[in-house]
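This report concerns only the one structure given below.
Order of writing sets the chain letters: A, B, C, D and E. Residues in each chain are counted from 1.
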Amino acid sequence: MSILQVLDLGLAILVLAIAGWTIAARELFASVVGYVAYGLLLSIVWIRLHAPDVALTEAAIGSGVTGVLLVTTGARLRGAGGVETAAPPRLSQRLMAGALAVLVAAALAAVVLLLPEPAPTLAPEAREGLAATGLGNPVTAVLIAYRSFDTMLEKVVLVLAVVGVWSLAPDRCWAGAPAPLGRARPEGALLFLDQALVPLGILVGVHLFWVGADEPGGAFQAGAILAAMWMIVMISRLTEPPRVGARWLRLALIAGPAVFLATGLAGGGMAGGFFAYPAGFAKPIILFIEAFLVLSIAVTLPMLVAGPPRRSPQS
Amino acid sequence: MIETPPALAATAGGSLLVLAILAPVAGILLSFALGGRFAERVALGLTPIGLAIAFAIAALVWRSGAPLVYNVAGLPPPLGIALRADGISCVMLAAAALVIAAAAFYARANFATPKGVMEARAPLAFWILVQAVWAALTILFVGGDLFNLYVALELLTFAAVPLVCLSGKPETLVAALRYLMFALFGSVFYLLGAALLYGAYGTLDIVLLAERMRALPAVWLAAGLMTAGLLAKTALFPLHLWLPPAHANAPAAASAVLSGLVVKGSFFLTVRLWFYVLPALPGGAAEAVLGTLGSAAVLFGSVLALRQERLKLLIAYSTLAQIGYLFLIFPLASGAHPWVADGWSGGIMQTLSHAFAKAAMFMSAGLLAESLGHDRIAEFAGAGRAMPATFFALGLGGLSLMGLPPSGGFAAKWLLLRASVAAGQWSWAIVMLAGGLLAAGYVYRILAPALSAGAIVLEAPPQRSREAIALALAIVAAALGFAPQSFFDFLEVGRAAATALR
Amino acid sequence: MSLALDLFSLVAIGAGAFFFFAGTVGLLRFPDSLTRLHALTKADNLGLGLIVLGLLPRAGSLLDALRLIAIWVLVQLSGAATAQLIGRALSPRRAAE
Amino acid sequence: MSASTLAGLVGAALVGLGLYGFIVSPQPLRKILAFNLIGNGAFLVFGIVARKGAAAGFPFDPVPQAMVITGIVVAFAASALAAALILRLQEETGNVLLDSDAPAKPPGDEAGAS
Amino acid sequence: MNDALLVAAGFILLTVGAGLVRVLRGPGDFDRMMAVQLLGAGGVASLLLIASATTVAGVEDVALGLALLAAFASIAFVNSAEADGAEPLEGEDG
């Protein structure tokens, strides 16, 4: 066994132990904290799978923003006095669930070990098409060129998630703003973060967007980092969540999918197929679309965490 | 570029498929950006366009007798995403367009933006979500790639769940949350299965998968996981518990769409999976299990429907039963047997007729509840005389549920019955007969008190136009019973390739 | 020359690893939250700092080296701010007990 | 044992753990945590498929990796919608538990698998 | 040399992983959060070490992202934990 293998094994055990803890913990908050730690470790696992793009996404969205969502939700639930009063389920039910879980996991493990070798792959096709897109990062090429249709639809899913979350508002609050993310008074340490961390973070976000065409990174990761920065500013109460009726907010939320859809439609007339890019112009167009995707993601994620509008528009 | 094999090549007119999807998607974005009254105008304005595209697609496929194919971004699978419309896609597209259009015009009375406000919550959400349901269903009906279909499933979830709790009442919130949990469970299991299939074959394109398919352990597990996920989304017994409260508590127009169409989306995907991706698997056991679960759903749903006090709940439970019939398509239409054409026609006909009949019934129930101020069946006495058109629509829809002629439901059940007799699989036939009797029981329970004499005061008479919409859908459900043989031949378009693989 | 650099790297990284170890022991063994916080901040300050220092000679380019330093600075900034936040949150609570 | 095989086993175990939590926990926010564990398990399966598909000079097959990125974003959106629903429910009723007897119980069978 | 780096990475990871016992034991939520904080720093450190010892492109950027976000959840946590019960769901007028 090489050192790397020992390391992998240790990592695997650690990940599973914490995952088990998040399920077993009695307190809601304890499991949420466990989940954040678990997400951090999971992005290291992704590095070990040679998937830096996924690792970045996992760190930013899977662990980072989801962690904040869970923490915020947990705190709001606790604030309203609604955490955990349930009796644990009956033993028979737990045994049944456990048996089913073990069965599924065992079958999955067996099948995963039996997957064919050498594995079928689309890497050669992806390599072949890369030249036409002018990109260097194949994952970005899949997302924005080969399977752009999926990516565009997934952005629409995000818009719908916002509509769904907002639709849960009380009627009188419609067009108002979501509840603030932070507590009342701005405070030293947080203001320090606003001044020091946030500008650096924005720089990192722009950097990830820019290198994403050729190296790991891209619209998702950059957007998520920018979203995190905006949320830090909102937590420190330097700015408040915007009113859901604000025109600029609506436009920012749909900008990504709308520009994506418009260029996709234009491709039908100009590049010989919907969502195709004209030869020679692929890369600038892709970067153009991605810029709007970054904007939309950076606005969408914080709005999803902030929740439905809670203040009537007048106040 | 490598030459595209003929099975994957795009056909003329394929771009209509992209337009069919992009029209409602653009509608969602436009409605959200413009907000307020524009959302309603965009949605209503799109319905004729969508209908026209759906019928144009159907006409093209009818004329050529072959599926319509489009490769998005000009990239054929496996790297690119293909869209394909065959016979069943076409009829489902048309049915979805019709029901959505009807629901939209029906809903105008409930979801107009009130005067004096720029924008109100429920109307904005409703008009956006209804277009989203439409977009998602369109992709589900024409998608040719299992991952693309996963995104469509998620789109459907995000559209359908908030529709359930538009009113914001606590019981609707519980129903929506429960629905969301089942739906999330369903999509994640579907995704897991898709991962295994990709691991085994390096593609998620339906045609390519079908060509490469062999009975590997990974394939069996993938099929099991994906089916379990899809069943949870379709609310097949025993994963049905979320459906009745969700469908019964949503606004009437939303219930019509949810019960008539949304559950059909995941059912359609199950059909795609078993008949188009996995036909090479030695079937039998799996199909029998699905048929058995369907039978259980028929009996269980019908008995529960008989016991409901409220009309909307009764109709929702009847959906459980009618979903059960759909799953008889698996034992009765798979394999290379002389009876599978009947089984196939019957199953698809059941999907269509239930879509129209159930939408009509939920709309009528909505009108009733608005006019009477309640939907307690026991207090319906005299209502039949006060609102004859509404009850006529209810009755006509009920006819189709019972499977009495003339109705689409009759044609469907007759075909399924014929197939099960020809196959010598009597148990399905017995279930269908029992289900028909039970359905007669619960439809009678609605109509009998309503037709009895009694004095009733309507809070407000129902709008004629809305009654007409419900009635029109019910008439379509009945008229399907007169479908000619050429219609059933059309349902086989694109299926020959799949069955030939066996 | 390269041997000396390697040696430097090893020593720095070893020291860094030790600080992480010490920090963990502190986190686990110290009696109350504030002292644990103290141990923690030492660990990620010095531990990560030393490791970055040890990796600097192995950086391929100036940009890579800058990125390494930026990572350290980021962890410093956020670590300091969080520690202050936690510390402040803890002190009134402790006083109340 | 290679890193990808190990990751595959971790993925399978995560699916099992998540499924157990999803069925057993009556508190919906924890169901969401469990749902995320199952999701991560599925993503890891995609991940090892991608890693095994290394070819043409890429150390991975980019297509499944792109699918995972799409999936992570969708899973977050789902968690956000669920969280908003839970909070609203709590506010309306003061109670967010889905009673363990009724619904929120996934399949007691692998119906289609057999 | 590479082996030494990996040993260091593994050592750090396991150490901070052991620190996660604090997540288990608590007692307070802040103690739990501190353990996560330590894990974040340790994770970044071992990521850098692994990156230096193996050849995966772009790991430094991942470390950059992790470093940026490591404190993110902690900040949200401290912030919301302090509001403890006092936070009105209906936003105060402001």
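By definition in this document, contacts are C-beta pairs under 8 Å (C-beta built on N, C-alpha and C of every residue); 3 or more make two chains touch, one makes a residue touch a chain.
Just so we're clear, the structure is a prediction, and the values are computed from it rather than from any experiment.
Asker: Where the contacts of chain D and chain E overlap, which chains show up?
Answerer: The common neighbours are A.
Asker: Between chain A and chain B, which partner chains are common?
Answerer: D
Asker: Could you grab the centroid distance between chain A and chain E? Build each centroid from C-alpha atoms only and quote it in angstrom.
Answerer: The separation of the two C-alpha centroids amounts to 18 Å.
Asker: Suppose each chain is reduced to the average of its Cα coordinates; what separation in Å results between chain B and chain C?
Answerer: 57
Asker: Indicate the whole-number Å distance between the mean C-alpha point of chain B and the mean C-alpha point of chain E.
Answerer: Spacing between the chain centres: roughly 46 Å.
Asker: Averaged over CA atoms, how far is the centre of chain C from the centre of chain D? Could you give it in whole Å?
Answerer: About 33 Å separates the centre of chain C from that of chain D.
Asker: Quick one: which residues in chain A touch 2 or more of the other chains?
Answerer: 4, 48, 50, 53, 74, 76, 80-81, 104, 108, 112, 115, 119-122, 126, 146-147, 150, 154, 157, 161, 164, 168, 190, 193, 197, 200, in rising order.
Asker: Multi-chain contacts in chain C: which residues touch at least two other chains?
Answerer: Residues 70, 74, 78, 81-82, 85 of chain C each touch two or more of the other chains.
Asker: Can you tell me which residues of chain B touch two or more of the remaining chains?
Answerer: Residue numbers touching two or more other chains: 79, 147, 151, 154, 158, 161-162, 165, 168, 173, 192, 196, 199, 202, 221, 225.
Asker: Per the contact definition, I'd like the list of chain B residues that touch chain D in the complex.
Answerer: Per the stated touch rule, the residues are 79, 147, 151, 154, 157-158, 161-162, 165, 168-170, 173-174, 176-178, 180-182, 184-185, 187-189, 191-192, 195-196, 198-199, 202, 220-221, 223-228, 231-232, 236, 238-239, 241-242, 285-286, 289-290, 293.
Asker: Hey, which residues of chain A end up touching chain D in the complex?
Answerer: Counting only chain A, the residues touching chain D are 4-5, 8-9, 12, 15-16, 19-20, 22-23, 28, 31-32, 35, 42, 45-46, 48-51, 53-54, 57-58, 61-62, 65-66, 69-70, 73-74, 76-77, 80-86, 89-90, 93-94, 96-98, 100-106, 108-109, 112-113, 115, 117-124, 126-127, 138-139, 141-143, 146-147, 150-151, 154, 157-158, 161, 164-165, 168, 220, 297, 301, 304-305, 307-308.
Asker: Give the list of chain D residues in touch with chain B in this complex.
Answerer: It is residues 15, 22, 28, 31, 35, 38-39, 41-42, 45-46, 48-49, 52-53, 61, 63-64, 67, 70-71, 74-75, 77-78, 81-82, 85-86, 88-89, 92-93, 98, 102-114 of chain D that touch chain B.
Asker: Taking the touch rule as given, give the residues of chain C at its contact with chain E in the complex, in rising order.
Answerer: Those residues of chain C that touch chain E are 6, 9-10, 13-14, 16-17, 20-21, 23-24, 27-28, 33, 36-37, 40, 43-44, 47-48, 51-52, 55, 58, 64, 67-68, 70-71, 74-75, 78-79, 81-82, 85-86, 89-90.
Asker: Along chain B, where are the residues that touch chain A in the complex?
Answerer: The contact residues of chain B facing chain A are 15, 18, 22, 25-26, 28-29, 32-33, 35, 70-75, 78-81, 118-122, 124-125, 128-129, 132, 135, 139, 147-148, 151-152, 154-155, 158-159, 161-162, 165-166, 168, 173, 192, 196, 199-203, 216-218, 221, 225.
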